[in-house]
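Here chain A shows up in two complexes: once beside chain B, once beside chain C.
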Partner chain A sequence: MPSPALPRHRSALPGLLLVAPALAMVLVFFVLPLAASVTGAFATEEGRSLANFAKIADLYLPDILFTLLVIGLSTLLIAVFSLAIAGYLTLGRNPRAVALLRWLYRWPLFIPFIVTAQVLRTFLAKNGMLNGGLELVGLVDPATASNWLDGRAIVFAFVWKQTPFVTLLVAGAMTSLDRGTIEAALNMGASRLRTLWDIVTPQVAGTLMTGLILSIVTMMSVLSVPMMLNATAPTTITADIAFRINAYGDYGVANALGVVSLLMTSGFAILYLRLGLKERT
Partner chain B sequence: MTRLLWIPRGIGLGLLAFLIFGPLLNLLLWAFAEKWFYPNAFPSDWGFSYWGRVFSPRGAAWEALGNSLTVALLTVALSLMLSIPAGYALARLPLPAKALILLSFLIPQAFPNLTVYVNIARIFYQFGLNGTIAGVVIVHTVHGLVLSVWIATAAFSAVPRDGEEAARSMGAGPFRAFRDVTLPQALPGLLAAAIFVFLESLDEFTGSYFVGAPDVQMLPLTLFTAAGGGNYQIASITALLLLVPSIGFMLLVERFLKADVLARVGK
Partner chain C sequence: MKTTFATALAFGVSLSPAFAQELTVLTAGDQNMVDYVNEYLGPLFEAEHPGVTVRAVGTGPGDAGSQKILERFEAQAGANASVWDTDVAVVHEKFAGPMVTAGYLAAYRDAITTGSLVTRANADMALGAEVKGYVMPMFNSQTALAYNPAMVETPPQSYDALKAWAAEHPGQFGYNGIKGGASGVSFVMGWIYAYGEGDAAKLMNGPFEEAETGKWDKAFDELAAFTKNATLTAGNAGTLDMLAQGEIAIGPVWVDMFYSWKANGQLPEDFRLVLPEPGMPGQPMHYVIPEKAPNADLARAFVELATSPKVQAEGIVERFNWYPGIDAGHVQAELPAETWDKLFTDVTPDQLAARGKPFPIAPYNIAILEAYERHLAQ
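So, the complex of A and B:
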């Protein structure tokens, strides 16, 4: 008796062969160096030890705290601004203002970090337009004005560059929400701010967290911004890593700092995911 | 009461416009300023003499611009050579753990990449790849692969299967059917991927700094050096050169990346 016709089995081999070169690139030129950086963090001239980390604790503790502060503050501000902008795009009642905001907020999205750094070096300088604007409204006295080029400039740069990215994701998530509950809340007299916070935000929390975590990874990798906008100590870990390599060729400590930044990134990721879960339950 | 809402709305939008365009305008002023001393609100002398210096035959900008464009074009070529087959396979062919494969292209953007570049530079040094165009192209390609593979996958998924199946049933081989039927239809999406990769490469700093510099001078490195030397004009002009393609693309992106492709990215 002939067996019933089996569906023709299609081999996965052609597909795997076509994907293999691209996957190999990631493996050889990213995953392996990443592994090398982790093992390199424990390598010293006297064999495997924690000596590199002891050196970090000695030399770079203020910088680690500074990095935590800068990234944490930037992330918080990015979250607030992207929710505010995306919220207005979703709940705004004035169509012209919504259209204008939609056109306005995206500009920094495609501007590279290195250009952002140079742009803000001019804007936040002593004779930059920020001081000019503040003088105009009487908030700054030209005689005592100083520049903004320290940790504040790094935060400004990160928020300026990353807010449009997160806003784009969050606004996208908000447009796919069910308008019914939103309208119901508004009709029952909830203010738009209340509706944004109580009804809309919990539903887009997942997208917001994804955007924030991707931003954190980006901010933890950017070298040009701290090097160009913050000339004073303390500085970020990224600048320290570059300094360790350029000045001393010290791969041990540089890699150990890399491991610290990896731990920090995962710490932030876990923290924000936890907060996100709490918000949704 | 609601009639007065235009006041906070106007102030809010005005403030945002100032914070977004103020820095860009400030850069533009510096690019054409001959002299600008504190506390003058505007430059006291305007002109093009720094443009002349940047683009003088002996100026570093030509070399940097040439290198930047060479690296970016080669990066696009290598990325497409890797992503077109990968994207096609991910969109059309039976593959185990498809989601996992897609996700693994995100790895280069999911870990802080500074230390990775430091170690790549060290490995490349042993193979004579450090300080070469090829070395920089490899680093840029790996970083941009998530964009090109994901967009290519989305572009191929958006092409209906019937055309290719019809071509196959009329006797065309798999490659011929792909080349004549599927590839042309996926082209706008692939073009968008190419432009994303091009810009990503043009603007990349960290990898170029560790793997390329000082032998391979590129525009972001020129900008960085000029800024470090305190030359606001040269740095601002270089920044402007990098800014124009980025902004131009932002204004055009929606034309290349149609909604049907965009909705499939990352799926």
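So, the complex of A and C:
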């Protein structure tokens, strides 16, 4: 005789048990430290106050703006390059060039940020390969050349490192598009550039945004690149956080800077969610 | 059955390294500090103490490394651990004071024979905090200006001369600001000693007075203008790197790094050092023993060996080009004259005595760094 249906909570138990370790990990290793860090941002020797944030306003506003600028510019360039590469992979007519590009573009994905920074440090130095190349074509005078080791170097590293990641997502989305719309546009005489911009890009915009948001969050947390490539001031928030802790042993302001960067990434995330909702309605 | 068990146990004990005595040494600083313990000091100590294994743990370069050690002590003190996991730690000067004040350390200097060989004042006071008895200096480190003689004909013997030289040679002076390592920090501290309108001696010895921190505005404005005309480098190694590449002609470096780079062939043989007036800071690194070290006797024996004249001569001066931690007189006798002279060719002992300064005491140190951030980062 078949047994009556098990009560709901019993059937849910194995599921809950399966989820529990992961949930506990998230709570203990992510939510708890995050909460500690946010409350730490308001902790000062005189009790709870906004003093840490006042110090940020006093010392680190240019750095916050600099971070926004560097990441904004990097994101823009990543969008342009990833669309261009994915577009060529989808619309390119020379199969050999497409295969070669497909093979090449993923390489930076497998190279850690710190290695990228080390490579770029020699590449962008005053007597580095970039200036050497520019000198050969007569664009740079070796006597007055300066190095590229400032915000431009960070943008260079971020774009080089993150473009393949976004391209991977965008190219994936492009291959799953209905080829019919693309063929129709090309048959009607639209140029490939126009087809990419007017037909393909709007259809993969969601994926592109997801890729860019994930890139922004990654770039916001990179410390090695600004430490190794950007000798000048201003610098990025991550470098300031490390400096507050290492030079001053000051976790209060470091936490407050962490909250600022958290707010910045949440800003991007909310923007993304809004866009996503608008698309669905 | 019992005998078999006992034999197996005895066999296990004789094989298991966990039962052998292990001396744990935490060390802040670059990889060379870990190498120093693992490759030189550790084997030497193990040879003298059979059955003991020395385990060196590097906690990372710069102040961050010492900060990690301090936090490790804080955690164990907070947990009320009766025995800590560290026998000996090597920390930067800046962290010795806070550790003594918090009561984490054992006063052991008078209990070891080499304790009386220490003569420098920085072993008694560490940036304004009294640490006498609690620390033994491992070595003394100094910053100076390294220069390329092909590009600098007359090396600047003072900050004034450097300012004049840099004005004539834009972009040829390079330093790493304050966020990329202590050689840049040291240059900035020297600048404030030279041009701050307060009393430099007070910055070095205390007491801390808030009013003093308002006397640096003009110096920092000048430094901002000076820095606009300079090249900023990425870190202590970055300055040496740019010097080696000929991208800059002169810049502040750690003396020991300078000699190590030269020895490895990373810097040309003819590069030189100059220590400008009124002086630049240097700092010792200290051996400390936690109050609750698991093997306190062994730990003291370890530091005693590490600060013996022979080890200071062979390990500290000859191998790593650091200035000795104990009185130089005891060390000089252990070394051939040419090795000794090499360390003092560019910066003579007299110059070192006159122009080798300590860093400012902790609160001034913080105030100067923040003032730098305020004046130069915006």
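The criterion applied here is as follows: the second predicted complex is superposed on the first by the 259 of 281 C-alpha atoms of A that agree within 3 Å, B and C clash if a C-alpha of one lies under 4 Å from a C-alpha of the other, contacts with A are read in each partner's own complex, and residues count from 1 in each chain.
The definition used in the following text is that contacts are C-beta pairs under 8 Å (C-beta built on N, C-alpha and C of every residue); 3 or more make two chains touch, one makes a residue touch a chain.
Model, not experiment: these values are computed from the prediction.
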item	value
Partner chain in contact with A:Tyr272 - chain B first, chain C second, else both or neither	neither
Chain B versus chain C as contact partner of A:Phe158, first or second or both or neither	neither
Contacts of A:Asn127 with chain B and chain C, given as first, second, both or neither	both
First (chain B), second (chain C), both or neither touched by A:Tyr248	second
Chain B versus chain C as contact partner of A:Thr235, first or second or both or neither	second
Partner, of chain C and chain B, that touches more residues belonging to chain A	B
A:Trp148 touches, of chain B and chain C: first, second, both or neither?	neither
Chain B versus chain C as contact partner of A:Asp58, first or second or both or neither	second
Which of chain B and chain C A:Pro14 touches, first, second, both or neither	first
Residues of chain A contacting chain B in one complex and chain C in the other	121, 126-127, 227-228, 242, 245
Residues of chain A touching chain B in the complex	10-12, 14-16, 18-19, 21-23, 25-26, 29-31, 33-34, 36-37, 40, 94, 97, 100-101, 104-115, 117-123, 126-130, 132-133, 142, 145, 160, 214, 217-218, 220-224, 227-228, 238, 241-242, 245, 251, 254-255, 257-259, 261-262, 265
List of chain B residues in touch with chain A within their complex	5-6, 9, 13, 16-27, 29-30, 36-41, 81-83, 85-86, 88-90, 93-96, 101, 104-105, 107-120, 122-123, 138-139, 141-142, 145, 149, 199, 202-203, 205-206, 209-210, 220, 223-224, 227-228, 232, 235-236, 238-239, 242-243, 246-247, 249-250, 253
For the chain A and chain C complex, residues of the former touching the latter	58-59, 61-63, 121, 125-127, 146-147, 149, 227-235, 239, 242-243, 245-249
Residues of chain C defined as touching chain A within the complex	62-64, 67, 70, 171, 176-180, 185, 231-235, 238, 242, 245-247, 366, 369-370, 373-374, 376-378
